[in-house]
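Labels for the chains are A, B and C, by order of writing; each one numbers its residues from 1.
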Amino acid sequence: MKISRRQFTAGTMVASAAAALGTFPFRSAIAQGGKPTIAFFVKNVTNPFWKACRIGAEKAAKELDVNLEVVAPTKPDNIEEQTRLVEDWIVKKPDAFVFVPVDYKALVPSIQKANEAGIPIINYNNKMTGIEKVTFIGSDDALFEYEICKYLFNSMGGKGKVVHIDGVPAAITAQMRKQGFERAVKEFPGIEVLASQPGQYRRLPAAQVFENLMQRFPEIDAVVSANDDMAVGIVEALHAAGRGGQTKVVGIDGIPDAIQAIAEGKMFATVDFSGHDQAYLGVQAAVRHLKGEKVPQEILLPVFIIDKSNVDKVARTPEERPVPSWDKVVGKA
Amino acid sequence: MTVQVVGQRTGMVKPELLGLSPDRLFVVVSRLVALLLIVVTMSILSPYFLTWSNLINVVRHAAPLFLLSAGLTLVVLTAGIDLSVGAVLGLSACLAASLITGGHPALGILAALGAGLACGLVNGTLVAYASVPPFIATYGMLWIANGLAYIFMQGEVIYGLPSEFRVIGAGFIGPIPVPVLIMIATLIALHVLAHKTPIGRGIYAIGGNPVAARLSGMPVQRRLVFVYAMSGLMASFAALVVIARTNAADVSLGEEQLLPAIAAVCLGGTSLFGGVGGVAGTAVGAIILALILNGMNLLGIGTFWQSGALGFIILVSVFTDQIVGGRIGRMSGVTQ
Amino acid sequence: MSLTGSHPQLVKRSRALQLLAELPGAAYLLFLMSVLLSFATPEFFSVANLTNVALQVAVLAIVSFGMTLVILTEGIDLSLGPVLGLCGVVMGLLVVAGWPLAIAVGAALLIGAAFGTMNGILVAYVEMPPFIVTLGAFGIAMSFAMVLTEGNSVTGLPEFVRLFNEGVFLGIPVPIWATAVCFAVTYILLYHTKFGRYTFAIGGNRQALILSGSPARFYQVLVYAYAGALAAVGSFIMTARMNAAHPTIGVGLEFDAIAAVILGGTSFEKGRGGITGTVIGALAVGVLRNGLNLMGVSTEWQVAVVGIVIILAVSLDSLRGLNQ
């Protein structure tokens, strides 16, 4: 980890000034043998993916006896509000941030302020650059989108007509996933992309866009959706139009509804991209760091494809999901 | 006193189905022409457009939007606004889905409608009795309804509604989708309410000339509470149709429903100054909106342009009403 | 909208009492919250946190100043949020492309004012409802910002842009200076110029003014243009704060600004209210959000609490007859 001299001096100045004023009592609870407080950030309180993250983090907090504060903007995915949240939490000075940015670029200055205040940052899910972080825990969006597309296209014999439903175009995850999709398409000359339209990562807009596309394309062999929430909406739209079963739908996330749909044979496959595991390991990493243990700079989680063959073995809800073993994952990474 | 002239907008035009004032006739005709133009242009541009299945698809999209904006229309007719409709839709959807999947369908429907009604009653009471500006009362309610939904759901999605319930959103009677039938029935009921009952006449009078309405001894406050309650109720009704269609409910269902609902009301020719317009126009507005979105998807127009195109269309429609309709109105002497 | 007058029956005991009675609900709210928070969380009354709140409120306050003028003319401007986003994007793209800062800033101000002028003309001369006009402009500004950036943040801004947020002059951060300057300029415009007199007069007497042949329409356009230009000023601070210009950064800000204006005691009708109240309104919104975070209220409850507080504060004002 490199700390530029300017940042370092700024950091020490802020710290000493604060200490002098007595407004920032330094309370590294672990050093004092108390219960550490960790601010755990999510992007919103509306999407089940972030609920799974929260449950993962809460499991770790319970095991490790940590005081976990879940921090989310009131307006889902609102950049300006998350900036204010970070600033407010710098004032409260918890022992660590387990952080996911709603925009990986726009939150950089705020997290730099947290760096200056000396709060350790564990970055999960969306990778940030230009900040000091203890570690990044997540997986490569472009890679797993590529993997599931390859899996899908192979199952189609390498040819067919495909519709791509994108997420929120401005989101980095959507851009990376689109890259992965495009990479896979390039490798399969028999695959024809009929259309690529955004579904805002949400079920209803995705279903409506797809219903309109169904009118345009009477024959669609497969749909690649940038997340499961949209994929399930598309599956519903296909069945409502009496076209269920003819089109293979794949998504990403492994949310309970999608797993259910795969078990019922309505959906083809999804990628298990576990927010639950990322968050669990994020809190683990924070505590290990506070105890002075060495944490690797990057922890990339393995992803696996869920389809009809293994769907019965997958835990349906984040509550039931077993927690990952730190040694196993970090050993692998 | 010049002010008296000023206070009247289009005068006390009696709401009648036919015998519309010339400027209103322009609004009605222009909407039908716009509808025709869109249909003709789209049929030329896209071979998939003028198919039975696509047109059914369009009205199916228009139906929940209409239900949401129909109640809002009544509010707008009184020169008010209801910003909470999307949030109330989200809250009602969550309550209904939770109880219905829990095996209490009747209770679920009642709870959703009750929640919508309650939110509307609070809005109406604040506006009518506490004189809170409608914009603020309903903006506050937007936050409250969202908050209650967040607290209730804790980030969960409820999935898998029984197929008997799903009929109202995804079913067909013959070739006609059930939501479209619901839309037609609602349209008739609200049209009769607005044009054939004292309550309806009161709604128009309050928007057209509030002072006169009060002086004539009309129970203005009760009428106001009524329209906001109807708006909340219709939002929760729309919620039932939406969850029946998507087979799932989460708190974000109502997000981004507000602006299209307001747009449908305006495209339908209801004036935000109050007193002029009606639910029939809103039905046309909702269909125009659904047609435009369908058209943009069929033509593959990028989403970045979609909100701008929508904004532009709203501006053009109200602009022509104001310029052309206003001129016709003045020529015929309706606005003195 | 306010058809039922509860008439203010203020007993004129003394000037001080009267002043107290005329204070908007936001002032009481601000006072109550400050006292409560000082007890509830030790961090609240620290220099660091108060600076924090002031910085957080700066953009909201600047946008709310323009919104106040628009609302005084019985109008509303829903497009200010997306216009702020667009101005930031334009400024960002120009400086990244190597244009001098002055030109980038000028272009952004021009675009803000141009959107305002378009809104103003449609409202003042075509007599379209402000709600609809600015809703249309909302969509158009958002589309422009999205198309210009293809939905991405504009990054790689030169270091000096961050001075808009991090710069300190005479010990006070630049955003606070900017807010103070915007306040002073708006205050002078509003209370010491013809522009200000027209702003107040248009609310409530617009038709009479027009019939009497005075240039009320022209001044109404100026009000919207000024609000648009202030949104551009807000965008500079916002862009510096994020060190990036994001096309959707302003969306939702317009509603917060309207809430701040109304909480500050400005009425939707008859040109009643003023700019000082708006400062209090914006601060009340800022302190409320900051306080809820510091107290560790869960997000779900925060959402509901914000709504309840807005409704309560404005209801109290209405019942006291302040919003009539």
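One rule holds for everything that comes next: a contact is a pair of C-beta atoms (placed from the backbone, for glycine too) under 8 Å apart; a residue touches a chain by one contact, two chains touch by 3 or more.
Computed from a predicted model, the values in this text were never measured in an experiment.
Student: Decide which interface, B-C or A-B, involves more C-beta pairs in contact, and give its chain pair.
Tutor: B-C
Student: Sort the other chains by how far their Cα centres are from that of subunit C and give me the top one.
Tutor: A
Student: I'd like the Å distance between the centres of subunit A and subunit B, where a centre is the mean of that chain's Cα atoms.
Tutor: The mean C-alpha positions of subunit A and subunit B differ by 36 Å.
Student: Please compute the C-alpha centroid of subunit B, do the same for subunit C, then give the distance between them in whole Å.
Tutor: 29
Student: Can you pull out the residues of subunit B that are in contact with at least two other chains?
Tutor: Where subunit B meets two or more other chains at a single residue, that happens at 143, 150, 154, 303-304.
Student: Hunt down the residues of subunit C that sit against at least two other chains at once, touch-wise.
Tutor: 146, 150-151, 299-300, 302-303, 306, in rising order.
Student: For subunit A, jot down the residues that touch at least 2 other chains.
Tutor: 45, 74, 169
Student: Where on subunit C does subunit A make contact in their complex?
Tutor: 41, 43, 46-49, 52, 55-56, 146, 150-153, 155, 162, 165, 238, 241-244, 246-249, 252-253, 289-290, 293-294, 296, 298-300, 302-303, 306
Student: In their complex, what parts of subunit B are in touch with subunit A?
Tutor: For subunit B paired with subunit A, touching residues are 46, 48-49, 51, 53-54, 57, 60-61, 143, 150, 153-157, 159-160, 170, 242, 245-248, 250-253, 255-256, 293-294, 297-298, 300, 303-304.
Student: Would you mind writing out the residues of subunit A in touch with subunit C in their complex?
Tutor: So the residues of subunit A touching subunit C come out as 18, 21, 23-24, 45, 69-75, 78-80, 83-85, 87-92, 103, 105-109, 168-170, 175.
Student: Provide the residue numbers of subunit A that touch subunit B in the complex, in ascending order.
Tutor: That would be residues 44-48, 50-51, 54, 74, 76, 169, 195, 197-198, 202-205, 207-209, 211-216, 229, 232-233, 236, 240-241, 255-257, 260 of subunit A.
Student: Which positions of subunit C touch subunit B when the two form their complex?
Tutor: Residues 1-6, 76, 122, 126-129, 131-133, 135-140, 142-144, 146-147, 150-151, 207-208, 211, 255, 258-259, 262, 267-269, 299-308, 310-311, 314-315, 318-319, 323-324.
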